[in-house]
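What follows is a pair of complexes built around chain A, which joins chain B in one and chain C in the other.
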Partner chain A sequence: MTTRASIGRRFVPVAFGTACLLVLFVLVEALVRIGTINPFIVPLPSEIVLSFKRIVVEEKILPRFLLTCGEALMASLMLSVAGIALGVLLHRKRIVRLATETWIAAMASAPIVLMYPLFLVIFGRSAWTIIMIAFVAALPPVILKTLEGLSSTRTVLINVGRSFNLTPSQLYWKILFPSSLPTIFVGVRLGMIFALINIVGVEFLINFGGLGQLVNELSERYDLPGTYAAICFVIMVSVMFFIATERIERWLRPGS
Partner chain B sequence: MATTGIVTATPGSTSGWAAMPLSRQVLLLRVALIAAIVLIWEAVAASGLLFQDVVPSLLIIGRTLVSLLTDPDLKWPIDAGVGGFRLAFELWIPAFYWHLYVTIAEVAVALAIGGLTGLAVGLALGANPFLSAAFERFLYYLGPTPKIVFLPVMIMWFGVGPESKVAMGTISCFFPVVLSAAAGMRQIDNVLIRVGRSFRLNTWQMVTKIYLPAMREPIVNGVRLGLGVALIGTLLAETKLSNKGVGFQIMDAYNTFDMPRMYAVLGVLFVIAIGANALVGRASRG
Partner chain C sequence: MPTADPILVVENIVKRFETPDGVLTAVEDVSFAVAPGEFLAVIGPSGCGKSTLLNVIGGLLDGYDGRVMVGGETVRGPHPSVGMIFQEESTFPWRTVIDNVAFPLEIAGMAKAERLEKARHFVEMVGLDGFERRYPAELSGGMRQRVSMARTLASEPKIMLMDEPFAALDEQTRLLLGDKVLQIQQDLKQTTLLITHNLTEAVQLSDRILVMTYRPGKTKRIVEIKLPRPRTSEIVGSDDFGRYVAQIWSDLREEASKGLKDDESRVARAGGKRR
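This part shows the complex of A and B:
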């Protein structure tokens, strides 16, 4: 009975939220049909749903999705390697950390994505422009979180390592790195999310690449249901990406 | 935070670098890093490794920056009056300030709308577990999506003028503020809430006397995050379709291949963004 009540307590709000969303769709559909909302600005939600099939078949959404995923994967790999390496360097060389940590933190708050015209000039209108912008914009959180993870390793663990006469390299690989892995992954996850946001954004802005370009192309063709459907698709992809990385983070931090 | 860095010191070397105070070592390293960056930059600029003029000399960028900030190349008509007194004249200013004014105004309006709406919704979600369970997951998952893809929709709804840029800034900053406010509301000490109730405060008094003061830090952090993303959202929208604002200036410099001007505008913009972020950050600590 208690279990049923607790399931009910969890299910009712979720059902209510979903129902509100459906009611909103029905309301918009009705308001567009009776002409209160201009159909040239907001298409019928039913048309948006129907255009999903069209954009999947006609607009080759799968290759576009794979292209965006490929760019995100490349940027994430570069981010992980460079970000973790720089974080380790800053941790090992205290003086370098003291000299540059505030610069990196400042870089994290700078609107780096606005440098995309500069990257366009350097790398041309290619996937590398998109990958490099994502890499540079998302690098600071990975460095800072790696540094935070390594710095917050419990002293007792380091002392245990030292009592076993571990070499500095062994101390890193056997103690520091495993204990800071959950925090490092938080940084990598943040970096991956920033990278995906920047990738789709730059694809949209320079009209090149995968899903971002699809939204831009459809909007330039004034294909309203298609544009809305493509935006919904981008949202679904980023939500799935967010959930997947969140699951991995929870798996790495079972206690949190 | 415990520091566990492995410090490698050379035993016996008490002169020179090792004998220097840490603060001076840090200063020297910073100067050396800046000097190295400047040297590499100038070497790349002189070598022509990248396409010509893509990396101009820092001297040229510096001159362009001075010109950008001081050359009066835009006529700004001022026409103001109070009662019978009317003041009308034309002021020559550097065009950059006009574009900066447009961007700052757009970001300020976006932050006001998105921030206040986010705060109100965050308070409601934080105070009501049912609403939180029903709707917060939508906001939580929509938060990290790339908002720039909404630009075509915003242009259709609000036109190609500053309104669509304000809308982009608004939807960008709404999410961090609402999530911070909801989380901050849940972290309020129950004792404070019971004290408020024992004084029979009404809802408005509870919000202004208990909730908001107790949530100062998460709210300021939310606003800090919101300011950053509102700035990016607004500027990116300006780069895509606009005829004014700093984003437009960056694209204008790109389209005319005026690289020194692009670097100068980006440099000023970065200084402003980092400075604004640091100011709000200081407000959250102070």
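This part shows the complex of A and C:
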């Protein structure tokens, strides 16, 4: 009974999610076929599925996928290290926090991607331009969520540390940091989403390579099923990163 | 005052806070001493400064007048001989029961095998054997408080300060955990200072009870509890127990009424300002 219940708990959400996706698939297919949705705007989902093989074979999807993944991984690593470090700095230095918090929050909504010509001048037409734009655009949520996580650590946990005579560094590493990890990871995930949007956007704009360039090329050719199939690969990158961060979070902070 | 050399001496403690309405004296001229192995409860109405007093003794608050001495040594700040158990849930949710209990030993630099062995002993002491690998989220409120207690005991403090540790629990769990505290206190001869507003709990556990006045918190009376030891929660049905509860309530009633009136007038003032 217990094993059945635990299997049920694990598989029912997955089955429900898959069923929802299939229902959506069938619904869109039906709406396109009966003409409610214009097939020149949204292609048949079955055509998108069939175009996957063509995209993989003819459009060399693997190197493009790996390039976008690599850029996203590099940007994610950079923004995790720098964002968390800056969040800690803002938490420790009140004057720095008061001076910069509003600016950082404002920067989160700034369309950094439009500054791509400036980045092209600085970094040239290379993957670094894409990585740096993604890094800068995605930094604010990581900084702000790190600050929020550290600031919202429950006072009683800090008092436990103080009552055990913890040094300031022990207090940080043994209590403040693990306590704020769930909030920090929310920031990292948000940052990664921002980064991926910017990476694909800049690949699209500067025609450098990766999945963004492929989406651009296919849409220019008016290959709608192919365009949507390429977008599915972008979503796959996002899902892969999401699952990876979830695993890392569970490893770093068990018991949640 | 106890005749044996006291392990804890609190002398003329005065603690004031700056508030928007002016200076608030939370604790005024409180003095007492606790003998080794003694169980002293501090009882008073809500807002009388009990927790402030405990935080001063535990070294979590500074900027006070007076002196706190532990084992003859004046202390300012947290002291390794003093362990604290808090009212709020204070286990580390990212650590298992055994890792929570081993926390102070890890901080002290003890080798992993040794600290786990020692932590297991304290887990057993609070009756949580079999739950070592569970996380706090998988435990009940009473079990989590026992984890906190085991964690504090693992640091082997000479004095244990307990700030209403069972306040969030139901009455039955509270009585049963009281039994556990009595058992541990009897086994370890642990000097304990308990802050509570629960009369039954104070009489059930203590050798003496310090009754505090409502704001500013001063010593109103110290009552010696001459109930036989070892005790269990069954003692709550005895006539002597009832007499002690009645006696302390007669002291406390006037103070609790002052607190209630003060709360009502504060609410009325706040309502007047809003209008």
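In the analysis below, the second predicted complex is superposed on the first by the 175 of 256 C-alpha atoms of A that agree within 3 Å, B and C clash if a C-alpha of one lies under 4 Å from a C-alpha of the other, contacts with A are read in each partner's own complex, and residues count from 1 in each chain.
The rule is short, and it goes like this: contacts are C-beta pairs under 8 Å (C-beta built on N, C-alpha and C of every residue); 3 or more make two chains touch, one makes a residue touch a chain.
For clarity, every value in this text was computed on a predicted model and none was experimentally measured.
Once the two structures are overlaid, the count of chain A residues touched is higher for B than for its counterpart among chain B and chain C.
Of the two partner chains, neither chain B nor chain C is touched by A:Thr36. In the superposition on chain A, A:Ile95 makes contact with chain B only, while chain C stays out of contact range. Of the two partner chains, neither chain B nor chain C is touched by A:Ser169.
Applying the stated contact rule after C-alpha superposition, one finds that A:Val156 touches chain C and leaves chain B untouched. In the superposition on chain A, A:Ser109 makes contact with chain B only, while chain C stays out of contact range.
In the superposed model, A:Pro178 lies in contact with chain C only, and not with chain B.
Touched by chain B in one complex and by chain C in the other are residues 154 of chain A.
Within the complex formed with chain C, the chain A residues making contact are 154, 156-157, 159-160, 162-166, 170, 174-175, 178-179, 181, 253-256. The touching residues of chain A, counted against chain B in their complex, run 10, 12-14, 16-17, 20-21, 41, 91-100, 106, 109-111, 113-118, 120-122, 148, 150-155, 158, 168, 171, 176, 193, 196-198, 200-201, 204-205, 212, 215-216, 219, 224, 227-228, 230-231, 234-235, 238-239, 242-243.
Within the complex formed with chain A, the chain C residues making contact are 58-60, 78-80, 82-84, 86, 88-90, 92-96, 103-104, 107, 135-137, 151, 155.
Note for the complex: chain B touches chain A at residues 1-7, 22, 25-26, 29-30, 33, 50-51, 54, 130-135, 137-138, 141-142, 144-146, 148-153, 155-157, 228, 231-232, 235-236, 239-240, 247, 250-251, 253-254, 257, 259, 262-263, 266, 269-270, 273-274, 277-278.
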